[in-house]
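Below you'll find a set of structures to go through.
After this come two complexes, each holding subunit A, first together with subunit B and then together with subunit C.
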Partner chain A sequence: MIRTPSFAPRLIGGLAFAVMAIFFVIPLLFMIVVSFYQPDPMGFYKEAFVFENYGKFFSSFYYTVSFRSILSSGLGAVIVVALAFPLVLFVSDLSRRLQLFWIILLLSMMCLSEVIIGFAWLILMSESAGLPRLLEWMGLWENPRSLSPSFGAMMIGLVFLGFSIVALILYPSVARRDRSIEEAAVTLGTPPALVFFKVLLPTFRTSLSSVTLTMFVYLLGVFVMPTMLGRPKDWTMTVIISDKALGDANLPLGAALAVVMLIVTIIVLVASALLTRRRGA
Partner chain B sequence: MGIAKTLASSGVVLAIAGAAWAEELTVSAWGGFFEETLAAEIYPGFTAETGITVNSIAQPEDSAWMTQLMAAARAGQAPADLSLVVDEVLIRGNEVGLWAELDPANMAGTESLIDGYVKLNDAGNAFAVGALAFYTTFVTNTDYAADAPASWAELWEDKWDGKLGIVTAPNSGLMEVTAETFFGGVEIMETREGLEQVIAKIAELKPQVSLWYRDEGQFQQQLENGELNAGLYYHDVTMLSIWDGLPVASTFPAEGGIVSDAYWVVPRDSENVEAAEKFLDYMSRPETQALMARMMGTTPIVPRDTMDLTEEEFAAVGSDIEPIRVQTHIHLREGDWLETKYQEMIAQ
Partner chain C sequence: MRTLYLWIIAILLTAPFFVVLGVSVGASSNITFPPEALSSAWYDELLTEADWLAAIGRSLLIAVLAALISTTVALAINYVLWRTGSRFAKMTFALGLGPFLLPPIILALGASLFWAEVGWYGRMEATIVSHGVFFVTLPLVIIARGFAALTDEVIEAAQMMGATPAQVFRTVIFPLIAPYVMTGFALVAIISVNEYLVANMISGFVVETLPIKIFNNVRYGYSPVVAAASMLFVALTVTILLILARITDLVALFGTSQER
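Up next is the complex of A and B:
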């Protein structure tokens, strides 16, 4: 058999690389360069090489805020996956037609803009029109209060936002899984209720942890939910960065904070990758 | 950056179009009601008089717009021939030479403006002309707070049921209000110790504030439906809600409303400076100022006796109480220090 020249794949690979370089690496490099510039409150910024912007990260409350961001996106990611995985298992056992219905539903959830989702939840949780009013009407809540802004409201927003993404990532592998393993486990005496923990969770451990990490990084960058549904105490680094860069037109500080967040994210990702590998070995 | 580039390239297209037709001006103003009303009610008179068509575009929030103008200027482009900016953007832009110089001789109308509204640079040339003034006041939902507040101090009282809405940015005027109400004047803001005292006083509001807002739409919606009972908001927009029959009120407390000025600037790379000067001449006239007051609820910046506004019309857009002015020079001087202190106070 004649081997086909491997030119085409390389060309495609090279193109993808070029696109990455232009649209990802160059802006990233530009951001790193700007993070060393000298901000000028009277003007804009001066081209310079100072560490002042990075120094501010440690001298102030940015420290606490980044910790808070990591906690809330981590928690959000775990909740999303914990909710989406059972749903996907459930959906994968339905008839073709119903599966299609769920897929379309999840896809359309993905089409909604963050702002629309945020506003919808805002109304749902408001005391004048939403859930609190409904509970009052049912006689369950005497003096209803708005449920947002709160940490819980923000979490609901984050989970809603990530849910369809996680479900759609997990769906193909879950739908095609080898069901005979579950049957074998049941035949060999595993109580059906425990199949989920003893068989399904271990089988999908790798994909579940990688999708959790993906979600973690995704939620770290969400801006609308913390500002709309969260209290100031819940504002994440993304909010602070955009306040600095856009609100105060202090691009160097915004860029420096973004670079620090990038490094922190990479550390968290590498650490969890190492941890899962060690556990797997 | 992406938006800036798109805007910058549309600037090129517009500049080319401008050269071909010669008599077209691109004017940007804050998106939404402001820009729409200017385009629908105010610019047509200018076009009828001069034959210059106005292409009205919406601009984003001040600092974001400044960032875009700055990026466009680096590329030698002007996203608009004229732009409506607050004094902070005006000063910062002037510092880095972002604005074109204007000749007051070509803008006779500007003579009717109150003194100080034609901004001169160090060389004595004009670089900005006052456009309008607007107030930020103590707004309330009348279903929950029937009586109009008499003093800003009522903001600190225990009666809002945790339902206040306050702006997140430190230059909203709240710092000046606090200084006037509790510290005998804005002089306390001259030192950092003084600023810290003012911020500490504002921190006392925290248990009462359920919304620290960036997005005006969210505040307005929640005030109108009673989710919020009171807060700081624009007087002009609140007046529109009142005229729509919504249960809201805008009050000038005894210490005064917060006044902010907006100016017209011509970005340095605009090729239509002459037409822009004609525009500024038109916009500065008492008739135009009065029309803007009626149509948009903005406060005129020409002496009151030069306009034909009735007592009632004037009362709707301003107040005779001496206003509180945002101390822009302090906010600029203390820059990042102040912004971080303030944000820390809110978010910690």
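Up next is the complex of A and C:
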């Protein structure tokens, strides 16, 4: 179209930018500022410029929590992608009607509240309903007891939560892939498993690694699953941050921990971007 | 093999909700499954008790207004990017992708500190604005696909007939991208209704939305009303998505555009 520089687009663009800057960027910057403030047991915080909040991070407790968060998010991300990738491949070969069914199913799962998914699994793993009872009924488990809270229950919750998001992110590129190579391989008599490992996996290596990193960052920030399905010793950094900020009313410490998480996130995202760029070149 | 895998995943994805459904229609006030006797008592309680109704109303109000903010901003960013293609517009677009890439706890804490400082802590407007801004990514990306699908000919034709940019937008562009805008609006509304962490950290003690109420109930001893409330959510979410599937081509929007 003919581009005539005019006032209106600038105004609209400026307004949109201002909204994003004020309500998205400034809160983050303010959080960084607060992380240097001094905690005030009586109220919110005292204006200051101290490093003591970051100093607290360097203690065995926070090391353990960080390590645990990275472990559970990393493990969760890998499991999610390993489960979702084959699903997306299979779904992309279905008829259009069935594809629509799957997209609606995945979209519903993506939109549903963490709270509800957590609650559903809580019931499914409880003594009086769900799996333990089913196993008892089948005669497989004599004295069933609740399966949650536990590390396993929390991981199931995390995987469940991430599954639909990963599937929907991968779906467009998988559905639009060039099928000629796999078809050629199949025609030449290559077994499906070999096609998967030798053709499909290498083709999607870049998008799979970048979606794994995205998922890692996402799972790092999940709050409800660890609190509902995990034991206190499974709690991740997200729970601790919220606990410090809301429970102990130590906002500067919560902010400092969140800033550390922000830095980790940015490092992961930059790594992911570099990975994509290098492979893409 | 393939079909088996698809079935297993479909069952795993839906199984928890069948159990919740079972609990919500059971007569017993303990959580049991399968239910021994059926009853609609929990739904009655959900839809008659003022506490629950207030939470439902608040959640819906927040969702609609947040979706309005989100889609307006997303539409504005996309329009300016399409019209000017300037660096500034690209930067604004990239900024709009940001909230999706960061763990929600960071956004939530930042927003909580920000609103406390502004003096809006505990006000519903704060939750609305933050939801609107944090969920902008989805409509942004979806509306971008709408603009990408616009062909230059129609717009040039309109311009040649002497239409002003505002007229072109109103009579040509908007009708063409309306399905994308609606999809974005609906998805933000659904996500906002379901969102817990941001809403809770901004003003959870005062503005109790439905997810917050459910979470608090689960934490401090729960009754099957929670199951009924959850099912209400599931029904609402699935219904809106089904309506959406009628209006727009979701398969094309999320996947392949060619007919297979």
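We adopt the following convention: the second predicted complex is superposed on the first by the 240 of 281 C-alpha atoms of A that agree within 3 Å, B and C clash if a C-alpha of one lies under 4 Å from a C-alpha of the other, contacts with A are read in each partner's own complex, and residues count from 1 in each chain.
By definition in this document, a residue touches a chain if its C-beta (ideal position, glycine included) is under 8 Å from a C-beta of that chain, and two chains touch if they have at least 3 such contacts.
What you see is a predicted model; the values in this text were computed from it and never measured.
Engineer: Under the stated touch criterion, which partner chain does A:P39 make contact with: subunit B (first), subunit C (second), both, or neither?
Structural biologist: A:P39 sits against subunit B, while subunit C stays out of touch.
Engineer: Considering only the touch criterion stated at the top, classify A:P27 as touching first (subunit B), second (subunit C), both, or neither.
Structural biologist: A:P27: touches subunit B and subunit C.
Engineer: Tell me which partner A:V65 touches in the superposition: subunit B (first), subunit C (second), both or neither.
Structural biologist: Only subunit B is touched by A:V65; subunit C is not.
Engineer: In this superposed model, does subunit C or subunit B come into contact with more residues of subunit A?
Structural biologist: C
Engineer: Touch test for A:T265: subunit B only (first), subunit C only (second), both, or neither?
Structural biologist: Touch partner of A:T265: subunit C, not subunit B.
Engineer: Examine A:M228 and indicate which partner it touches, taking first as subunit B and second as subunit C; both and neither are also allowed.
Structural biologist: Both partners.
Engineer: Considering only the touch criterion stated at the top, classify A:S126 as touching first (subunit B), second (subunit C), both, or neither.
Structural biologist: both
Engineer: Could you tell me if A:L246 is touching subunit B, subunit C, both of them or neither one (first, second, both, neither)?
Structural biologist: Both partners.
Engineer: On the A-aligned overlay, A:E183 touches which partner chain: subunit B = first, subunit C = second, or both, or neither?
Structural biologist: neither
Engineer: For subunit A, what residues appear in both contact lists, the one with subunit B and the one with subunit C?
Structural biologist: On subunit A, the overlap between the subunit B and subunit C contacts is residues 27, 30, 44, 122, 126, 128-129, 227-228, 245-246, 251.
Engineer: In their complex, what parts of subunit B are in touch with subunit A?
Structural biologist: Result: residues 1, 61, 63-64, 66-67, 70, 91-92, 95-96, 168-169, 210-212, 214-215, 218, 222, 225-227, 332-336, 339-340, 343-344, 346-348 of subunit B touch subunit A.
Engineer: Show which residues of subunit C lie in contact with subunit A when the two form their complex.
Structural biologist: Per the stated touch rule, the residues are 1-2, 5-6, 9-10, 12-17, 19-20, 22-23, 30-33, 69, 73, 76-77, 79-80, 83-86, 88-89, 91-92, 95-96, 98-99, 101-114, 116-117, 129-130, 133-134, 136, 152, 155-156, 159, 165-166, 187, 190-191, 193-197, 201, 204, 211, 214-215, 218-219, 222, 226-227, 230, 233-234, 237-238, 241-242, 245, 250-251, 254-257, 259-260.
Engineer: Can you name the residues of subunit A that touch subunit B in the complex?
Structural biologist: Where subunit A meets subunit B, its residues are 27, 30, 39-44, 56, 60-61, 64-65, 122, 126-129, 146, 149, 227-228, 232-233, 235, 240, 243-251, 253.
Engineer: Could you list, by residue number, the parts of subunit A that touch subunit C in their complex?
Structural biologist: 1-3, 5-6, 8-10, 12-13, 15-17, 19-21, 23-28, 30-31, 34, 44, 83, 86-87, 90-93, 95-96, 99-100, 103-105, 107-109, 111-124, 126, 128-130, 133, 160, 163-164, 168, 171-172, 175-176, 192, 214, 217-218, 220-224, 227-228, 238, 241-242, 245-246, 251, 254-255, 258, 261-262, 265, 269
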